[in-house]
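Below, each structure is written out as structure tokens.
In the two complexes below, subunit A is the common chain; its partner is subunit B in one and subunit C in the other.
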Partner chain A sequence: MMRGAALRRGRIVEHLAAGSSAAGLALCLLLAGGIVLLLVRAGLAPFWPQPVIEYTLRDGRSVLGELMLHRDGALIVRGDEQARPGDGYVRLREAEILAERQPPDAVARVHADGRRSYRLGEAGPDEPDLVGVDRRNALTFAGKLAFFGERLRAYAIGGDRSGDAGQGLLPALAGTLTLVLLMSLIVMPIGVAAAVHLHVYAGRGRIGALVRGAVGSLADVPSIVYGVLGLGLFVHGIGGGIDRWLHADRLPVPTFGTGGLLWAALTLAVLTLPVVVATVEQGLARIPDTQRLGSLALGATRGETLRRLLLPQARPAVLSAWILAVARAVGAVAPLMLVGVVKYAPASPIDAAFPYLHPSRQFTHLGFAVYDQALISPDALVGVPRAYSAALLLVALVLVLNAAAGLVGRRLRDRDRAFPL
Partner chain B sequence: MPAMSTPDSDTTTTIAAQLFDDVAIALRTRALSLWFEQRQILHAIDLSVPAERILAVIGPSGSGKTSLLRCLNRLNEEVHGCRIDGEVLLDGTDLLSASAPVHEVRRRVGMVFPKPNPFPLSIYENVAYGLRLLGLRRAALDAPVEDALRAVALWDEVADRLDAPALALTPGQQQRLAIARALALQPQVLLMDEPAAALDPQSSLHLEDLLRRLGRRCAIVLATHNLQQAARVSDYAAFISDGRLIEINDTDTLFTNPLRRETEDYVTGRYG
Partner chain C sequence: MSVPLRAQPALDVAALVELRRSSRRRRERAGRALAAIGAGAVLASVLAIPVFLLFELLPSIAVPDGTGERLGVLLSGTFKASVLAVLLAIPVGLAAAVHLVCFSTPLQRSRWRPVLDLLAAIPTVVLGLIALTWLAPWLQSRIATLLVLAAAVLAAVLAGFAVFGQRLRRHPAWRPFVALALGLAAGVAVIAWDPLAGSVEADTPWNAVLVGLALGVTAVPLICTVGADALQQAWDRHVDAAVALGASRWQALRSLVLPAAAPGLAAAALLALGRCAGETMIVLMASGNTPLASADPRDGLRSLSAELALSLPVAERGGALWRMLLIATLLLFVLSFACHLAAARLRARAAS
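For the complex of A and B:
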């Protein structure tokens, strides 16, 4: 009797444990999927052509424009922008509206200064500054798709709104990738060397414990602190020194003594160093010590053992260290604001002019674009969705990197199994 | 051969008279002592390893067999806080002296570990590992690799899959591979630390056959707590207890007619 009850209780506990862990897993999946779905919806929807609607009001007026928001019994409609982009919003109460229709001959127009306006019938030859005209109500699905692609492309490259030139997502993406690549080139050799030294030489003593503790606590320092460090040490300290030494003729205009790609990459390298050191050292520690002793017993020096036996086996750990570093670096926007990220880079850090990479130049960054579009944009109803699309691209970048790392990691493991080392 | 009548508390080593009179000595230790931090592991050990013979080092677990072996190829130096005193003489030079480069020492004194520890490389590259460190290229490697694999009777089993991963071999094969890996460097002395510890009885017997054949090729020091194995394989036997070398004699005499009381207690199973 007692035993039966205990058994039943055990089974219930088992079911509860399985159920709650499954629920936790489901919640994680839901959150991850939810974030991506939200970003896809909110980031891409604004580029889909919205119908041009003609509202007829009870007082006889009629308003032509796109519905932007429908909330609390009122509609926010974007009508003609008279003087500048963003000044064409009209608020209509539901009670005022007599009728609404989507006239098939409605024309949406974009002016050279970025203003939008709407007309019925002909595009109107009276205004010479038109740069884009479309009859979106009459578009077929394929036509709408083409329109969507075109708007997305224009935004990605930049310059779909005046004053936005050079602020598109692609320059920001290029800036992000260049930055992360440069950071990797700096942090990976240093991090791997430090991990190797910790593991092989300083591992067991008190100094090893001290260094490991220091590296571990570096990982917990808020990223903005690294920005301050980068500003003080790299930009003003080293950069200022280089300017006084090499570019004295151009002072007080700074060359290196201002935020730039190189300083940002160095700052991010310092930021991601703890992750790299810890991950690579763990990878080295997973290799059984009998292998190291076996190699030493065959007359290999410590260096030869490391090079021929241990480091090749630590390759997957080095790879995951790199991915973790990149993931952390892509997400760290706060320190960049102090060391060189800009809303609009007058000269891209990579171009066709020798030496192709200009480490002293300022750059744009996807993470900063999210912040900039959401908060700094003059037109909130346009800016916030664009922040979503920048965020979507950022998330996609991280996902692609992770997937690539997973693939490369599996390839490495498979190859090690088939043709060891 | 008169037995020395010494009290059991004596800490000196009992060596049968004329034991090594007619054999060459490959390696000899003089007053070899070892400390880890403050703890003394080995106490002034004077051990002679006869050339082209098998010397079994027997003794209970924790008596210092592994530590003794690792003194002979200086592997103890990898342990933090280790201190060694005394001499290890090979061909008249002291292996412990600063003038002997440690990697050179380890090439001349090979070692096989208790658990098979093949590298995650191909069978071929495992055997070639030590030779590649000497800068040999593939053309010069084929012959010594084949020779080493034949010496451990592994060649016929793996000749058609030399590029297969060594980790795919059975534990018995892996251990023979580890021996081949050490033999490829043609060491003067081969240290074997419980080489059959992780093997099933069948592979273990197979390995003992192999050891008897290898005993004619180089000096072998076999540390084991398996007395039957020591009796079956070795020519000479040394009994170690608590870091002291108690007695050394030819294997038959040590097992049947030991000179010291502690040795008798141990080999007859009355130990502890």
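For the complex of A and C:
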């Protein structure tokens, strides 16, 4: 009898342990899913047409505009902007409002300088600078969907002049991709060479252990420290040196001695080097030793074995190393703030003028756009939704890259399982 | 190239080999040199950071006035944020690791892996954005609600499993989802009811609790994966003996596996601490960047990394501010290096 009670108690303790530990996993799922859902919702919401509402106040006035925020018994309504974008906000207390309706004949208008204005009835030809007019209250769901798609497209690929979106995300996306590509060109040859040295030549010797330990400790150094290195060594040291040597006529205006694409790419290359070396070396180590020994026994040199036998088999590992490095680099914003990322690049680092790629120019970046719009934007009610849109694109980019690396890795494992040697 | 026919083909091959030997040797040497250059570049990039910092700082020993106090404030901010984050992340990450190792099958483990990878892959600037714009306004007057929330969720999950645990034994894969449903129900109820709203009011929406929560999200997947590695090793080594003696999973975990894995778990916490101490974007966006030396988690803070991101672009090269910031960088580097070394030691001990 006593034994039964003890057993039952033990079983309940077991259930409690399983349950509380499952709660940790559940929280991880909730966090991951919640963050992604929040980003999708908040990142796409600014493009969905908000209804134009007419508020009738107790004192007889009426206000026409879009509801931006409803908090603590007060409403922030975006009404007509007279002089510049962002000057049309009206704060209404709930107690002031007599009635609100969504007039089907309301017109939302966008001016050439980004201002919004709202009218009832005819759009009116009174102002010549209108670039967009819509009657969104009268739109059907399909019409709203089309409107949403159009605004989203315009924001994502730029050239959008219809107000809210401003400059669009294209320059930031182009800057990010150019930066990451340039970084890959630097880091991949070095990383693969180092991994090859570790695996083929250094082996388990003292130098190999030294380099391995160094790579491991590099991975844990905070990214901002790399930013300091980039600013001090690359920008001031090497860039300043190049300026004194090649562009002495233009000093003190710096050409290479200021933050720019090349220095940012170099900084990110140092940052992602550990990922590349570790992943490629793992890939090389996964190839059965019998193959290497067989090749050597047939008289091939180590270099020939490497080129003909090992590197072709390690190609998926190199690919996955590249994807992981890019994913890490795309998310690293802090070091860029020290080595030349800007809000608006006065001249894009890639353009149609020879030599097409201008490595000394400043650049824009998606991650920095998130930071900048959220914190430094003069109009938070517009800036924060834009920051969410940029964040959504950034997260989508990182997640797609990580998923791709995972797929490549899984194919690699499956192949190993299929041909055990 | 044609070789005249001879009676002994082996000699032809030997001649060919002789002909190509020098070019092969040259190629071999070139390949070896290329690989060595790569390894040299890696070593150089490792050494570049400390060498550069020392080279810049050493010429004069003089430390600008006020550096000590300012660095002290920044260090205290860094510690406050990262310790809070790790304390918040340890229960979650550890629980998840325990569940993955002790209460899951390998198939479930491989299915949960992408969730943790996803959480780890989210750029920190995005977490900073969410903390700044979404969490901060809600959290300011509800720091006490947070404690009630944690207690209520835990109580709901425990009660649920005390009742339904026996039935869930047949469906171990459902446990996290059942826990999610129970916890969500309790959490939504507490947030809607909000018993303690306004009872603990923070002066600023950008306080250390907010930073700790956001940094904690980055620490959870790290603690979970490193901790799960350590637990798995200990589990594989000890569980057969424990089960042979009649222990349940929980008894094996508590009495054998957790003590054996303790160094590895400590290493996980240390790694997370180092990561959080160097994290920049979250602290920069969510901490308010107020240089305060206070231990109160309701106050704002300013960390070493945020100071670097804010002040270094405007610092004049070689000036007093520049030197102070380089000392801050050196501190950060030494801090992360120490965490890395200590964690590596502990993991090596756990593995032996």
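Rule of thumb we're sticking to: the second predicted complex is superposed on the first by the 345 of 421 C-alpha atoms of A that agree within 3 Å, B and C clash if a C-alpha of one lies under 4 Å from a C-alpha of the other, contacts with A are read in each partner's own complex, and residues count from 1 in each chain.
Methods note: a contact is a pair of C-beta atoms (placed from the backbone, for glycine too) under 8 Å apart; a residue touches a chain by one contact, two chains touch by 3 or more.
The model shown is predicted, which means the values in this text are computed figures rather than measured ones.
By the document's definition of touching, both partners, subunit B and subunit C, reach A:T301. Of the two partner chains placed around the shared chain by superposition, subunit C is the only one that A:A26 touches, whereas subunit B remains out of contact. In the superposed model, A:G205 lies in contact with subunit B only, and not with subunit C. Legend: residue contacts after superposition of the two complexes on their common chain; A:A108 is shown touching neither subunit B nor subunit C.
When both complexes are overlaid on chain A, the residue A:L293 reaches subunit B alone and has no touch with subunit C. In the superposition on chain A, contact of A:A172 is made with neither subunit B nor subunit C.
When subunit B and subunit C are set side by side, the one touching more residues of subunit A is C. By the touch criterion defined above, A:Q313 reaches subunit B but does not reach subunit C.
Touching of subunit A by both subunit B and subunit C, each in its own complex, is seen for residues 301, 304. By the touch criterion stated above, subunit C contacts subunit A in their complex at residues 24-25, 27-28, 30-32, 34-39, 41-43, 45-46, 48-49, 52-53, 56, 91-100, 102-103, 112, 114-119, 121-130, 132-134, 153-154, 157-158, 160-162, 165-166, 168-169, 172, 175-180, 183-184, 217, 220-221, 224, 248-251, 253, 271, 274-275, 277-281, 284-285, 305, 308-309, 312-313, 317, 325-326, 329, 332-333, 336-337, 339-341, 344. Taken together, the subunit A residues at the contact with subunit B in this complex read 204-205, 288, 290-291, 293-301, 304, 308-309, 313, 416-421. Subunit A contributes residues 10-32, 35-36, 38-39, 42, 189-198, 200-202, 207, 210-211, 214-218, 220-229, 231-233, 236-237, 270, 273, 277, 301-304, 306-307, 327, 330-334, 337-338, 367, 370-371, 374-375, 384, 387-388, 391, 394-395, 398-399, 402, 406 to its touches with subunit C in the complex. Those residues of subunit B whose C-beta lies close enough to touch subunit A in the complex are 73, 75, 78, 80, 103-104, 106-107, 110-111, 113, 115, 117, 119-122, 125, 129-130, 132-133, 163, 165-167, 178, 181-182, 185.
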